[in-house]
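Take a look at the structures below.
There are two complexes below, and they share chain A, which is joined by chain B in the first and by chain C in the second.
Entry: the complex of A and B
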C-alpha cells in the first residue's frame, strides 16, 4: 500500500490535533491539550481506486516555546497549514512555516485551512487577507474540526494533490 | 561493538543492570552486520510491558511509531561519518498495550563505527514541562480573548460614542436648521446650552451665557420673571408659558415650552418660540377690532382709530363731535392714553347745565371767600389736571363768560382762580366734545368763533351706530362678555335672531343704548344664549322695515336725533322718513325747521 507522510503545521491551539482526530477517529474535544513532540496517526483513503495510507504527523504548535525542527518535515509528501480564523497572528505563523517547509521540502503540495468556521462571526482573518493568500498560490479551505465541516475535504484534497498533482474542487464553507 | 561492549560491561554485570534500571532507559547497540538494534543489559519494566518478554532482545521497528523508524533512518551516513555524535529525537507519542499513551525520546550515541540507541520514557519531569507550556499557552489564549474582549468593548464604546456624537450633531444641525431657539438649564438654573437661534433671540453670545444663571441672561420684565420662575419650579414634565416680552437688543415676544430632561429630571429644556410677528399681527387685528376701550372694525371706526393715533402724537386741542352715546369720552381717554401725557391725570368735566360761576370755579378754582360757601381755597380742574389732559364734554353748553376765560387759558396757558388776581401757569391738554354743530352755534352767536377755532385745531367726528351697523355684533358680544363677567352669569352667545334684531334697530342712543340693551338682556336671560325676548321691548318691536316706528312713544329720546336717524334710514327721503316716524309729512317738515335741521 502506498504510504504518504503529511505534516500538520501551524501555530499553537489552531486545531491541528483536533482536525487529525476528527479525520481519523471522528472525535472532537473542546478541552485544549497542547501537543509536545510528535504524534503520528494513520488513515487509509481511496484516491481514484488506489488505497493510500496517510501518515499524519501531528507536530507541536509553533510558538516562542517550541520551534518546528526541519528534521520532522523531511520525507513529507505534503503538508497542511492550519490557521485559526479568530486569531490573525496564526496567519503570520502559517506564512513563516510555509517558508520553512518550502526550504526543507522543496516544491511539495500543501493545502491551508482556516479552522474554527463555527466561530466565523469572531474571525479576524478577513476576506482581504484570504485573497492575498490565494494570490500567493495557496489553496485556502475553511473548516471546523468541532462541527466536522471541511475536514474530509481537507485531507482528500491533500491526498489527491499528492497522487495526481491536481486539487479537488473546493468550496468555501 | 556489542561484543566489545559486553567485554567491557557484561550484561549480567549487576552494577550495569542496576544503573540502567535506575535510569529507566532501554539501551540498544546496533549490530554492524545485521543492522539490528540489540538490547543491552536489563530492559526497563515499561519496555517489557510494551513489547513482551520474547521480543525484548531485538528492536522491532514495526511495533513502533514511524517516527522512530524515520529518526533512525535519517542521516545515517552522516552519523557514521562523524567521529562522535549524540543526537536526540525529541519527544514522540506511543500507545502502550493497555490503550494508554506514553511519550518517549530516543538518543543516538555514535562513536567511531559503533552506534548505541537509548530510548527513554519521559516521566514526571516531562509532564511538568508539558504542564508549564500548557498553562503558558492557555494564559496566552486567555489574554488574547481578554484583549479581544477589551478591543470589542472599546470598539463598541467608540461606536456608541460616535453614534452618540453623530446623533448629537444631527440633533444640533436639525435644531439650527429649524432655527429652534433652545436652551438647557441645569439643576441650579444655570445655562448649559443655547442654540444659535436662542443666542440671536437673547442677543448674546455663547461665551456670555454658558454657566450663567438664567435670571442674569434672559431679560424678562419683573412680572414675567416671577411667572417664569414659578413655571420652571412646577413639577409637571411639560409646561407652556408666555407670551413674554424679551427686552434684549432685539426686543421680542416669546412663548416657552419647558420640558424636564427625562434622563436628568433636575435639568430643564426650554424651547423659545418667537411670537413677535404673531404678536404684532394680533395687535394689528385687535387694534382693527378695538382701540383702547373703543370697539369696532368698521371703516369709519378704523379711521377714528387712526385719527386718535395721529392727534395723540401732537399736543393740540381736539374737538370730538358726535351724537350722544357715540363714545366721545372714550375717544378722549384713548387720545390721552396714547399720548405722552398718559402717566398724568385725565380729568373729565361735563360743562352742560352749570351756571357760569359754578363752572368757572370748577374749572379754574377759587380763593377762600370768593363767593358764599367758598370756605377754603380750592384748585380747579385745570390745576388738578396739571401735566395731563382735561376733557370738557358738552363744550357747546359753556356760558359765554366761561368761554372767554377758557379762551384765555388756551392762549396764555395760565388760569386765575376765582377771587384771585394772580394768574397761575398750567400745562394741560384740552380735549373738547360736543353733540352740537358749533359752527351753527357761532352763526347764532351762542359760541365764540375764536374759541371754536382754538379748540378745533384737530377734529374727530364719531359716526352714529346706525352708520356702522357692522360693528353691532362685535359691540354686542363685547358688552355681553363684560357684563357677564361683572354679573357672574354665564351667557356665551347671542341667538341669531337676537343679533338680527339688534342689527335692525336704529339705535338713536347709539353705543350707550346698545350697552343698556345688552345689560337688560343679561338680566332677563335664563339660559346660555340671549333670545330676542330677552331684549328691551323697544328693540324687539322695531325693525328696519318701513313701518311706523315703535320708538316714537319714547318721549325722553332726543327728538332731533330721532329725526336725523329716520332721515338717514330713509336715505334722505323726507316723506319716507316721516312715514317711518309715523307722523305726517307736514309735521316732519315743521319739526325739522324748529330743531334747526337742514338735511342735505
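Entry: the complex of A and C
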C-alpha cells in the first residue's frame, strides 16, 4: 500500500484537529499535540481503485509561543492549510505557513480550506481575499468541522493531487 | 476514394464522348497511382488478415507493455483480473506446478514458523514445569487466575530478562513505516501511527536540544518497556523491548540496519510511500526479535539436588531396610520350617507387622528365641501356636528322656519307631522303663538287650561276704588274697554306679581283726594295720563317688573268738550298707 505524509498547518484554533477528528478514528490523545507539537493520525482512502494511506501530521497551531518545526514538515507529500473564516488573521498565518512549507518542502501539492462554514455570516475573510488566494494558484475549499461538511472532500482532494496531480471535483460551498 | 479508383462508372449509362474521356482518365490514373495502389492493397491485406496482425502485435507487445506500464498504473489495473483468473485456472488445472514453484519460497518460512512455535512452546513448558510447584509459582498461579492470563504466559513474563517485542523499520525523513514485525502476544498499537509518533518524538528531542541531524534519541524507557532506535542514513530501526536489553542487541540492530541499507539502496533513495519493496526485510527484522529468560537460580538447583539426593538416599535406605527385614523374615520362616516340632501353617507380613500360625511340640525350640535370633523385634511378630506331638526322632528321643528319666549310665536312641536303651541301670529303673517306654508318643517298641542291670542288695551282700585273710602276726595282704580284693573292688564299682543311679549312697566300713595270740594292744595295733592295708589297696582302685569309706575300724578277737576259727580271725571284712548322704557325711567326720 502507498503511504503519504500530509501535514495539517494553520493558525491557533482554526480547527485542524477538529477536521482530522472528523476524518479519522484517533489513537493518540490531543495531549501530545500540546506537548511535542504534533499528533499523527492515519486514514486510508481509495483513489481510482488504489488504496492510499494518509499519515496526517496534525501540527500544533502556529502562534506567538510556538512555531511549526521544519523537522515535522520534512518528508511531506502534501500539506493542508487551514484557516478560520471568522478570523482574517488566520489567512495571514496561512500565507506565512505556506511560505515556510514551500521553503522546506519545495513544490508539493497543497490544499487550503476555510473552516467554520457554518458561521459564514461572521466571516472576516471576504470573497476578494479568497479570489486573491486562487489567483496565487491555491486550491481553496470551504468546510465545517462542526457539521462535517467538506472534510472528506478536503482529504480526497489532497490524496488525488498527490497521486495524479489533479484535484477531484469538489462541491464549493 | 479507392473504391472510385477500382470501380469506374458503368459505360452503358454514359454518352460515347464521355466514355472515351473516362477511359483516358482511368488509364491516366492507373499510370499515375499504380505503385500506391499496390501498396494500398498490401496494407488492406495486412489489416484484413488476422494472422498477420497477430504476428505484428506479438513483435511489439513487450515494448508496448513496458512503455505503457512505466507511467500509467492503469495497465496493471486492467490486467490484474485477467492475471488473477489465469492464475486461478492454472492452479485448478495443474496445482502441482504451482506447488513446485512456490515451495522453495514457502517451505523455509513454514519451517521457521514451526521452529519458532516449538521453541516458544518448549520454553514455555520448561518454565511452567520449573515453577509449577514452588511458592513463587503458586503466587504466579494466583496472578494468572486474577488477571485471566494463561499460567505459562505469567511465568514467562516474570522470568523474562528481556524480549524484543516489536521492531519497526521506519523511513527517516517521512516517518512512514517500511516494515514491522512483532512477537506473539505483544501489545500492538497502530504501527503506522506509532512510526509517525516515534519519528515526531525523535525530531522533537533533536530540535529541543539543538542537536545535529546525526544526533538522535537512541533510547527511552516507559515503565517495563525500553525503546531503542538505531539510525541509518535513510531509515532507522526502532525496537520495543520488554525488560533490560544487553549491549549486544545494539550490535545486532546495527548489523541488520546496515544489511537492509545495502540491499535496498535504490528503494530507500527513491522512496515515495510504497512499502512493497521492503517486505523482503521481514526475516532480517524477525532475527532481531530476541529474548532471554532468567535461568533457574543455581541455589534452587543445589537445593533441588540435595533434596533429590536425600530422597534418593532415603529411598535406598528404606529399600535396604525393607530388603533386610524381608530377608530376616524369610530366614525366620525357613528356620521355623526346618525346625523339628514346629509346623508353620500360615505366615503373613504387612506394614512391618508379622503374623504366624502353626503347631508346636512342647519340646520344640522356643519360636520367640528364633525370632530374636533372626533379628526381628518379638513385639512385631504375633504367633499363635497349637500344641501337638511331633514324630521327629530328636523330639521323640527328648520326649523319652523327659518321661523315662534315664540315669546317666543309660544311653537312649531311636531306631525307626523303636527306643533302644544301652548302658547300666538298676533293675528297678529297667522294670519301670519297660512298662512306660511304649507309652511315649512316637515309640511303638522298646529294646534293652544292651542294658546291664544291677541289684544293690546283691552287690552289698557280695561285698559283705568277702574276707581277706592274713598270716599270723602279719598285716600285709597276701598275694593269694589279691584276687579277692579285685573282685571286691569290681563289685564296689558296680555298687557305686548303682547307688548313683538310684540316688543313694553306700557307707563302706573296713573291719580289721586279729586272733587271740599276743597281747591285746598288739592285736589292736595289728587289726588296725590290716584294715589300713586293705583300705590302701581298695583306695588304689579308685572307688566311685557313691561309696564312702570308713577306715580304721577294728574288730577285736575276744569279742568273737568263741564263734570263729583262728584263721578267720586273722582277717579283714567289709561292711557295706546303704545310707542317706547326710548320714555318710556325719559318719565320715571323726
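Note that in this section the second predicted complex is superposed on the first by the 161 of 173 C-alpha atoms of A that agree within 3 Å, B and C clash if a C-alpha of one lies under 4 Å from a C-alpha of the other, contacts with A are read in each partner's own complex, and residues count from 1 in each chain.
By our rule, a contact is a pair of C-beta atoms (placed from the backbone, for glycine too) under 8 Å apart; a residue touches a chain by one contact, two chains touch by 3 or more.
Predicted model, so just to flag it, every value in this text is computed and none were measured.
Student: For the overlay on chain A, clash or fit between chain B and chain C?
Tutor: The answer is clash.
Student: Using the touch definition from the top, say if A:116 reaches chain B (first), chain C (second), both or neither.
Tutor: In the superposed model, A:116 contacts neither chain B nor chain C.
Student: Considering only the touch criterion stated at the top, classify A:13 as touching first (chain B), second (chain C), both, or neither.
Tutor: So A:13 only meets chain B here.
Student: After the superposition on A, what does A:50 contact: first (chain B), second (chain C), both or neither?
Tutor: In the superposition, A:50 contacts chain C only.
Student: If you stack the two complexes on chain A, which partner ends up touching A:22: first (chain B), second (chain C), both, or neither?
Tutor: neither
Student: Output check: A:87 vs chain B and chain C. Expected answer is one of first, second, both, neither. What do you get?
Tutor: It touches chain B, and chain C stays clear.
Student: After superposing the two complexes, find the one stretch in chain B that runs into chain C, choosing from 5-13, 23-31, 257-265 or 581-589.
Tutor: Clashes occur only in 23-31.
Student: Across the two complexes, what residues of chain A are contacted by chain B and by chain C?
Tutor: 5, 32, 36-40, 55, 57, 69, 71-72, 74-75
Student: Help me check something: in the complex, which residues belonging to chain A touch chain C?
Tutor: Listed in rising order, the residues of chain A that touch chain C are 1-5, 27-28, 32, 36-42, 49-50, 53, 55, 57, 69, 71-72, 74-77.
Student: Quick one: in the complex, what on chain A touches chain B?
Tutor: 5, 12-13, 32-34, 36-40, 55, 57, 61, 63, 65-66, 69, 71-72, 74-75, 86-87, 122
Student: Across the complex, what residues on chain C touch chain A?
Tutor: Residues in contact with chain A: 73, 77, 171, 173-177, 189-190, 192-193, 196-197, 200-201, 203-204, 206-207, 272-275.
Student: Residues of chain B touching chain A in their complex?
Tutor: Touching chain A from chain B are residues 65-67, 70, 74, 90-93, 103, 105, 126, 129-130, 133-134, 136-138, 140-141, 144, 148.
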